[in-house]
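Chains: A, B, C and D, in written order; residue numbering restarts at 1 for each.
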Amino acid sequence: MEAILDFWAAYSATIAFGLVNSFIALSCYAVLSAGVLSFTTVMFAAVGGFVAAQMIGMFALPPLVAFLFAGVAGGVAAAVIAVIFLRLETHWMALASLALVLITRVVVLNTPTLTGGVQGMLVPVRVSVLELFLALAVTAFVFYRMHNSWYGLVSRAVREDPSVASTMGISTYRVQFIAFLISGAVGGIGGAALATTLQFISADTYFLALAFTMIASTVLGGSFHWFGPIVGAFVFTALPTTMQAVLPEIQDVAKGVVLLVIMILLPRGLVDPRVLKLRLSRSPKTAEQPDA
Amino acid sequence: MIMKTGTMRLGAALAAAAFSLAGSAWADPAPGQYNIGIISDDTGPLAAAGISYHRGADLAIEEINANGFAGEGVTLNLLVKDSATDAARAVQAMTQFAADRTVLATTCCIITPIAGALSPIAMNNNLPLVIYGATREGLPQEPYVTSVVALPGPQEVMMSERLASELKPKRVAYYTTGDNDIFLARAHAVKAVFEEAGAETVAEISTLANDTDFTGPATQGMGTNPDVIMVMTTQQPAVGIISALRQRGYEGLIGTSEVISPPAIYQKSGDLIEGIPFALSFQPGLSDSPEATTFIEAYQAKYNELPDVYSAQGYTAIHYIAQGMKAIDGEPTREKLAEEMWKITSIDHNLYGGQEIVNGQAQIPETLIVNWNSDGEVALWENQ
Amino acid sequence: MQLFLEQLVNGIALGSLYGLFGIGFGLVFATLGILNTAHGAYASWAAIIGYFAVVWYDVSFPVAIAVGVIGGGVLAILVDQIGFQPLRNRKTGMLGALITSIAFLIILDSLAGMATNHQSWAFPSRTYPRGMLDLGFMRIPYMQLIIIGAMVFCAAGIYLLIQKTRIGAAMRAVGWNAEAASLGGVNARMVILLTAFLAGATSGLAGVLGGAATSNISYMLGEGLLLKGFAAVVVGGYDDVRGTVLAGILLGICEVFIAQYLSTTFRDGFTYILLLTFLVMRPRGIFGSGNFMRA
Amino acid sequence: MHDTPTLLQLRAVAKHFGGVAAVGGLSTTVRKGTVHGLIGPNGAGKTTVINLITGLFHPTDGEILFDGHNLEAKPPHEIAALGISRTYQNVRLFSGMSALEQVLTGCFLKRGSSLFASFAGLPAARRNWEEARAKSLLLLARVGMAGKADVLAETLSYGEQRRIEIARALGSDPKLLLLDEPTAGMNHAESQAIGQLVHELRDSGLTILMVEHNMGLVTEFCDSCTVMNFGKLLAEGTPRSCIDDPEVQAAYFGRKNDAKRIQPVG
């Protein structure tokens, strides 16, 4: 029993970061599952993070309430970004979103009254693992419902073949706009979760490292089902800690190699609904269907 | 089905492995042995300095154990977790140390954001944390968070006062790192000294910590025709700016900070940084206290190179903890250790010929104004 | 006036590095459809290999450049064949290759960190041309002349290769659709290898020259180039060598002059806002012609 | 036949790519309740016409009228909502979806409840979803794929995939169905089955415009047809009159007055 308590005490932070990264990865998944490869999540996270930090600093809000504000702020930012970005062709959008990550850092550095500028901001409250878990459970439920509703079905169609989807009366713009809103809200919450877990945020908190973590978690875990990004986030968070324990000398190299091997062996990620469907295709019995 | 059992077995094995890892880290230490956790920067963007801090800490541990500096029959053991200067990884490492009841104290942090992120964990877990690199006003918190690095500025101010009085420059240009608050503060302090002495500020040129090309800033600075150029930037930009200025043919005086003091920097830049004054408190060849001599010899013997300011700070941090350990009456606990450390007003074993501590914050030790000479050694700077 | 001219040359030289680096990044993106985040690692490694060649074997600067360039090219081929080749024909789109490139970024950067002991090095001062050409009204460092020359040479060479040769036509044909190209008799594999090599070699050249000119050879070298080279590619259009080069030079000049006349704080902000403006004002870029709808 | 009202009308429609005119001023009419063939040699611009009607391309010139609406500059999803549905020359099913999901996606326009209601699982939305599911199963049965609802579509044979695509196109209860070479790659029996299906659909009130290569099928199943070559109208009328047209003969064989070479085979 004591071993379990010790284990929990030691690795609760790893679990907390796994939960935090799950939000970030789900935000990335939200747009990816509608056919948009975008790094804008980093900006939404920055908006959410600094909004939450300011709200907590000024009004001493409990973390979960601050998460709500962060989600709304992220959603609003996403609406603005979506209007600009959805005019772009896919490949340009990927590049533009990467540029937005770089711009975000410059903006954060140059608005010290909002973000603390080069000094960063202290966040006086720490979110508990239980609160993070609850918030993620609610978010995951939202994704579960989306997956099994008309939105989930048509967003998959848009992702696989947007022009075919459009000739079936599906507005790709509308679907991807909704995807951006969800990405913004979840990304904002993720940014707030990161802020209240680190308790210190600065321009570098929301920069390229986060972009890479997010996209790697999502694709590693599997970008064809909402559960994939969560699995990927935990794997990608635990990887450095594990590698440090196993191969401290070359931990980063080992981390890269593991990522490489998984991607080459399982390019669709660890969680792949297609495998299940293939198995169902072969079995004669009819299978479960998404319900309403 | 086969697949499922396979997955389960794998999961069980992983879980078992994880627990045993956790277990092994918790192996009860020998009687009288206590663990100190270091959250290092052995990899990542600041690894060059990070390795130095870590080596200084390692040497301190050896010295303490060999001489019983932490008390009769008390030995210290350093547990290492690398953060790669990543805040999230540092927080995870700190939480793991906090959970490990054999860890009595921790030391870490080159950059302020990470120090800021770790200090609440230290406070919440009653775990002493000694900061050895990051500086910021108000970072120490009674009684758990302390710092062995003096707040920046005063050393450069001292140096600037001397430069201003000896050289009497008319026109001074300043370079600073616009995205680093510490160096911005240093530049401001230095500028105030020169302006007080009647020197005109001809240029204030801001660069960024990640910049590599300084031809533009160098041309700009030289265009203003300064007598003295003060380079108050982080390490890479400082070396880059000085190189660019010298390559463009600037022959006036350049002053900078201790960032160019590591021997590796001289090895890299050679004659380009010769004769450039900077201020510091520890330097092999000049620091001649018995502690410093022993440390320098041991460092050279072990790592085959000279120590630098960073290794000196890592060394001081561990000795600070050891001094606290020694003062404890009875079985050491985190709380007792923190209490004793907070009471300390002067670190006995230091490399500076005296190191005062006020409320957990180290004060400026003796300051040396030095430069690299043409023999590749650091010598006291003289106005030529 | 002298200040203005010298800063202009500084800007052009800096921009030439961005352009030189960006050519390969854009080439791989346009021809192979890979957003290669490891492109900067080629530059770091080329500079490191060149540095060790000089320090260990005492070779001359041109040989060090050649060693670095070939090293960068070979490294790029290795990365392509190990990391990207297994993903082709598996319909992973941009994503799979993006992730494996991140994996290589992690691996190559940390290996480079180990190789350099996490320090920054510089070519010993006697080993590369360090002086300045004095024109009377202005002075230009030799390294800047070499950088500008190298960029012009590479850009012209690759432009002619793509536009005027059969293998270049094949590279254009592979474009986004290797499948169609292989039906048309193009040896897709040859094109892939050549593209990878050219990308690695130009990135490597930018790495060695940049490392020498800025006295900064480290495992972090490529990251800075990547961010700015990326900007050059986006502004200039990733399927056009001339565009990349022009945009690179434009960015270099802007950077230098904004830092000189406005403030460094705005410098990067300006670069990236310029970049975003370009994207929004010309959503289809130079590539847009064949696309009938945004998808 | 000519007294039935017009459903679709193309007026001097042109589409240029760069300098090349894929379609150059085509005018034609499709009447309600007919099966209309669109034929022509390879590269004649038939698929481009389909893409223009469905809004994937916008005409460079001319206008397209459908059921009282001018389709000019309307995006594809709005055109689909007016009641136009299509299949593709190379089957374009969504990868990773089962047959049922494909057809269900086709029912999107007739889902009856908002995206949000469906997300929230409101009772009416649940009912609508079940109805759409039932309808999809019915459509699968109608194209002879009743037993394959849960099969991953990309594992099916080419012919089966075509049927699923037709079922998907029917999900939106269209007024006009555009079939782009529905029998390509099929054997005789399969083609006949498709032809039968087309007739059944017409008899249930649907208008069909089909691009077809198989002249036998055209004469057998089309009520009228339009022949194109190089993006231009070559002939229009009954299938028989079209095939007998000397210009059509020339376009297909480079020779005039060689009607013997094309004979109905089915």
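Just so it is clear, a contact is a pair of C-beta atoms (placed from the backbone, for glycine too) under 8 Å apart; a residue touches a chain by one contact, two chains touch by 3 or more.
Everything numeric here is computed off the predicted structure, so don't read it as measured data.
K.L.:
Count the C-beta pairs in contact for A-C and for B-C, then report the pair with the higher count.
P.N.:
A-C
K.L.:
Let me spell it out: compute each chain's centre from its C-alpha atoms, then which one is farthest from chain D's centre?
P.N.:
Chain centre farthest from chain D's centre: B.
K.L.:
Closest chain to the protein CA centroid?
P.N.:
Chain A is the most central one.
K.L.:
Give, as an integer number of Å, the spacing between the C-alpha centres of chain C and chain A.
P.N.:
Centres of chain A and chain C (C-alpha means) sit 30 Å apart.
K.L.:
Roughly how many whole angstrom separate the Cα centroids of chain C and chain D?
P.N.:
48
K.L.:
How many Å are there between the centre of chain B and the centre of chain C, using C-alpha atoms for each centre?
P.N.:
35
K.L.:
Suppose each chain is reduced to the average of its Cα coordinates; what separation in Å results between chain A and chain D?
P.N.:
Roughly 41 Å separates the two chain centres.
K.L.:
In chain C, what residues contact two or more other chains?
P.N.:
110, 265, 268, 292-293
K.L.:
Among the residues of chain B, which ones contact at least 2 other chains?
P.N.:
Answer for chain B, listing residues that touch two or more other chains: 43, 178.
K.L.:
Could you list the positions in chain D whose residues touch two or more of the other chains?
P.N.:
Each of 56, 76, 95 in chain D touches at least two other chains.
K.L.:
In their complex, what parts of chain A are in touch with chain B?
P.N.:
3, 6-7, 9-14, 17, 109, 118-120, 122, 126, 194, 197-200, 202-205, 209, 240-242, 244-245, 248, 251-252
K.L.:
Within their complex, state which residues of chain C touch chain B.
P.N.:
Per the stated touch rule, the residues are 3, 6-7, 10-11, 13-14, 17, 110, 113, 117-122, 124-125, 130, 132, 139, 141, 144, 210, 213-216, 218, 220-221, 223-224, 255-256, 259-260, 263-265, 267-268.
K.L.:
Touching residues of chain B toward chain A in the complex: what are they?
P.N.:
The contact residues of chain B facing chain A are 18-19, 21-23, 25-26, 43, 80-82, 84, 86-89, 91-92, 94-96, 98-100, 112-114, 116-117, 120, 124, 136, 178-181, 184.
K.L.:
For chain B, which residues count as touching chain C in their complex?
P.N.:
Residues 43, 45, 47-48, 50-51, 178, 205-208, 210-217, 219-220, 223, 236, 239-240, 243-244, 247-249, 264, 268-272.
K.L.:
Going by the contact rule set out above, which residues of chain D touch chain A in the complex?
P.N.:
It is residues 54-56, 75-77, 79-81, 84-86, 88, 92, 94-98, 100-101, 104-106, 108-109, 111, 113, 115, 118-121, 125-130, 133, 149-152, 155, 168-169, 171-172 of chain D that touch chain A.
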